[in-house]
Amino acid sequence: MVDIRLGDNQYGKAETRLVRVDRGGERHSITDLNVSTSLAGDLDATHLTGDNSGVLPTDTQKNTVYAFARDGVGEIEDFGLRLARHFVDTTPTITRARVRIEQYRWERIQVEGAPAPHSFVRAAGTRTATVTYDGARSWVVSGIADVTALNTTGSEFHGFHRDRYTTLPETTDRILATAVSARWRHAGESDWAVSYREAHRHLLEAFADTHSLSLQQTLHAMGERVLRHRDELVEVRLELPNKHHFLVDLSPFELDNPGEVFFAADRPYGLIEGSVVRDGAPEPGLAWW
Amino acid sequence: MVDIRLGDNQYGKAETRLVRVDRGGERHSITDLNVSTSLAGDLDATHLTGDNSGVLPTDTQKNTVYAFARDGVGEIEDFGLRLARHFVDTTPTITRARVRIEQYRWERIQVEGAPAPHSFVRAAGTRTATVTYDGARSWVVSGIADVTALNTTGSEFHGFHRDRYTTLPETTDRILATAVSARWRHAGESDWAVSYREAHRHLLEAFADTHSLSLQQTLHAMGERVLRHRDELVEVRLELPNKHHFLVDLSPFELDNPGEVFFAADRPYGLIEGSVVRDGAPEPGLAWW
Amino acid sequence: MVDIRLGDNQYGKAETRLVRVDRGGERHSITDLNVSTSLAGDLDATHLTGDNSGVLPTDTQKNTVYAFARDGVGEIEDFGLRLARHFVDTTPTITRARVRIEQYRWERIQVEGAPAPHSFVRAAGTRTATVTYDGARSWVVSGIADVTALNTTGSEFHGFHRDRYTTLPETTDRILATAVSARWRHAGESDWAVSYREAHRHLLEAFADTHSLSLQQTLHAMGERVLRHRDELVEVRLELPNKHHFLVDLSPFELDNPGEVFFAADRPYGLIEGSVVRDGAPEPGLAWW
Amino acid sequence: MVDIRLGDNQYGKAETRLVRVDRGGERHSITDLNVSTSLAGDLDATHLTGDNSGVLPTDTQKNTVYAFARDGVGEIEDFGLRLARHFVDTTPTITRARVRIEQYRWERIQVEGAPAPHSFVRAAGTRTATVTYDGARSWVVSGIADVTALNTTGSEFHGFHRDRYTTLPETTDRILATAVSARWRHAGESDWAVSYREAHRHLLEAFADTHSLSLQQTLHAMGERVLRHRDELVEVRLELPNKHHFLVDLSPFELDNPGEVFFAADRPYGLIEGSVVRDGAPEPGLAWW
């Protein structure tokens, strides 16, 4: 008889699309979210025998997202905390909840130079939050995704290790482009809105004004910049695809190409991943789980 | 013996990704394009016998896009015209060329409140141009795509035709959301940059300040607004998906929902397509081909 | 006063996702569809004044798709005809309907070598149909999409027109790969199931056993093969992206590469479009509309 | 002075698209891969100062993938092992490599009932492998992705925990549909081809013939089935989205709906994740890293 057991598991409702309209006065505002919830705990019965008495349906998780939005959403970190605590604190079998939220950005449409009171146009970039709660402690990670940035100069790449498969020429001037995915871990409860706005700003500023010898160096500079300015944050994790822009060889057409005409490639792409941590940061626990 | 013949045909290179950096002085600018070319003409030989003597390779079309960018791109309508005329005027078999261009938008990164000289972040929305040339005449259509707009109020839908399959309740207040695809036909050569900027502005302004009884009415108002303000344009075509936002029924949770909590649906979606035309507009010819 | 009028327009419900289970006996079968409907007619009022009395809601169109499926779906061409006729014949303002259907393929899961009675796994490739009806006549176009095919040899490309931007080397042996989109027009009412199965088969067989001097030649051979074998069909339209596979230069590593190691590129890609028509075919009318 | 340090990091080349043609004799075969490599080790210098002397360029990693394919690819687990060992064993700074490979499936085109010798059509589903090597040990995880499966009956869901936000009705007959992502950990070096074929088969068979009281129960049955039949495997991890199919309410049209007409929803979806482990399995180490 082979002995086999259930290992780690969780379940939830992914990608509940919630749009919240705040109609206070003449001037409306909107909150546009994609919410995913995951619950873990004593779930052996449903796996082993199909006894669902400990399972809060994923449909209920979705309903809860909508019902909780009735009272307002606020900052997504707070909304995630409310949801995560609710699931663990009120469901007997559930000992751990994770809530992941993406928030899409909207700007007001301008009509004859003035912001329209209830009209919006979608802007690029996504704000993110991941909240984890285990019944006693909570962990909050905030971030951005899909923020595509590009420097037309100020980027070099040379002096790298060469082996028999290396053909890449060295360069002292290239385009550096990436789609920033960054997440930052809070020491405790922050002023989420300010923290997001400032971390976002510092990441882009560091990307722009770092003279780069490698995308790794830029990554580190971005994370370090955030930690130097934001005491409430203890760690920044970044995933930076290197979206290659290749200088086109125009010499067959008797043309030079002094850093002006590029082919933007899709695949393959470099992928640089790294973390920057404040010394003495508390253990991450379930933050990145 | 069955008689079978070659019908309409064309061929080209799709989605050539071109990034052009203008390095004049300290302050760089970028032009980020996706260029697709299609050629038609006397192409029977390659189809029927594989005789390619009349075929300009699609690889050459790609090369031409890059080589022409060496002299600068300028407005995408002009770049399309240069390419289309080149292909028809210099390739013996080719009698018709179409060039489709998408231009992606970038904004300067701000560093401590000032625009960085060579750093950019991608913005939402795409500018488009389609140029067609037949050796004698040319047609230019400009447009926008992927501009997602939303009104939180000022939209009604009622008084519609009902049959036995109609269950939709009437509403006097709903969210109206769409991803605007609009294209406008020029009477001749316009000031492309001004025309684009103003048509874009008028479309969004009309979306924002039209009190809507149907998305069709909003579509017509958007097209009409552009034509009333831009004498150089003679027709506007719009494709407006109705991105449904359904009010969530919170009554099972003993909560009301006064137009605040919505589910943003993916599929199915409404799709409203229409054209608004200036009286006496010249025949479209190959403009929409 | 500028005079502006409404041009061509239509509206409908796009991408209604319908799965129909046929439970006759122990052995179930499924029909998995994506249905899009578009209606045109006397729709000036809703565009100009927001008077919706002539508008059958897109929500009703969706309901109709589901209600009609209660009686069974059958072949998608028949289902499209039922829907298109219903919308035109029962809605006073509607004079033209188009129904586009995608059908996804499923195969039975095998359990110990025998087909399971009610278990399926999704297969690649999509069957399509577009039906148009104007109150008097109907047009039916059937097709396939997303059928990716590849020949590892038997493809050449040389003898093409060269200009100053041509750098492509000639080749007598290359990979030819494409994602077949093909649509065929019926003379009248066909045995849709047989017609689809056989047209699909002939397209792939012609792709496989045509020694190709250009993708255009392959395209023509594919369309011609279908028309030669299927009398009920009068025209075949094909869109064949040339999914380039570039031989990798391994010489820097002191390796040859005799047609074995390829880089599969994403963009740009060639795009070959063409039609093959039976002589004396009836006018297409609204078939391709 | 704030003290900040570099945390975990890695870098590599993602999504190198390799197609390998084996031309042995008349009958060709193809191997179609998407290869991603990630390296970790002593990489502080490039992050902190831009000193790249320890960095093997991602371009070189791509070259290596192509060069190694010259000798043949074989099973993707072996190809991953060759690459991972090479990077760690020959690059002084690199102490850990991970290689992720996706293999796309192709079938031979049939011409008049016989398999064509060098013509293929893409089939659904992806085979995967992830290999990790730290200079001393290696870990191999194999799997499948994008295998969409559906049972039209034999699935129930009832007896679940209810709270004030629960509105879901209980059901004793529903459609169960999912897109299987499964990965299985090997105890050592397996016969990769047999192991993949059999694990794939057992997963689908267990999906088909498990009468399901919850998707969790199905998940566990799938993992358990694999472990019971394949001694070389010690753990199976599954991610199963619950692709909801909602029975359409046809009663407004005076129609019943005895489990026949369904709406296939996109979002939100359930997401069930779990692991099944053989007792006494060796520690996973870096297998899932």
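Letters A, B, C and D mark the chains in the order given here, with residues in each chain numbered from 1 onward.
Going forward, contacts are C-beta pairs under 8 Å (C-beta built on N, C-alpha and C of every residue); 3 or more make two chains touch, one makes a residue touch a chain.
Source: prediction; values computed, not measured.
Novice: Which chains are shared contacts of chain B and chain D?
Specialist: Intersection of chain B and chain D contact lists gives A, C.
Novice: Just grab the chain with the largest centre-to-centre distance to chain C, centres being mean Cα coordinates.
Specialist: Result for the farthest chain: A.
Novice: If I list every residue number at the interface of chain A and chain B, are over half of them used by both copies, so same, or under half, so different?
Specialist: same
Novice: Taking each chain's centre as the mean position of its Cα atoms, how many Å separate chain A from chain C?
Specialist: Here chain A and chain C have centroids separated by 38 Å.
Novice: Would you kindly tell me how far, in whole Å, the mean C-alpha position of chain D lies from that of chain C?
Specialist: 30
Novice: Could you grab the centroid distance between chain B and chain C? Build each centroid from C-alpha atoms only and quote it in angstrom.
Specialist: Centre-to-centre distance between chain B and chain C: 23 Å.
Novice: Can you tell me which residues of chain C touch two or more of the remaining chains?
Specialist: Counting only residues that touch two or more other chains, chain C contributes 17, 63, 67, 165, 167, 252-253, 266-267.
Novice: Taking the touch rule as given, give the residues of chain B at its contact with chain C in the complex, in rising order.
Specialist: 2-17, 36, 38, 43, 46-60, 62-64, 67, 90-93, 156-163, 165-168, 212-214, 216-217, 219-220, 223-224, 227-228, 235, 237, 241-242, 267-280
Novice: Taking the complex as given, what residues does chain B use to touch chain A?
Specialist: Going through chain B, the ones touching chain A are 17-23, 28, 30, 32, 63, 66-67, 69-70, 106, 109-112, 116, 118-125, 147-154, 175, 204-205, 207-209, 245, 248, 250, 252-253, 255, 257-266.
Novice: Which residues of chain A touch chain C in their complex?
Specialist: Chain A reaches chain C through residues 164-165, 167, 252-253, 266-267.
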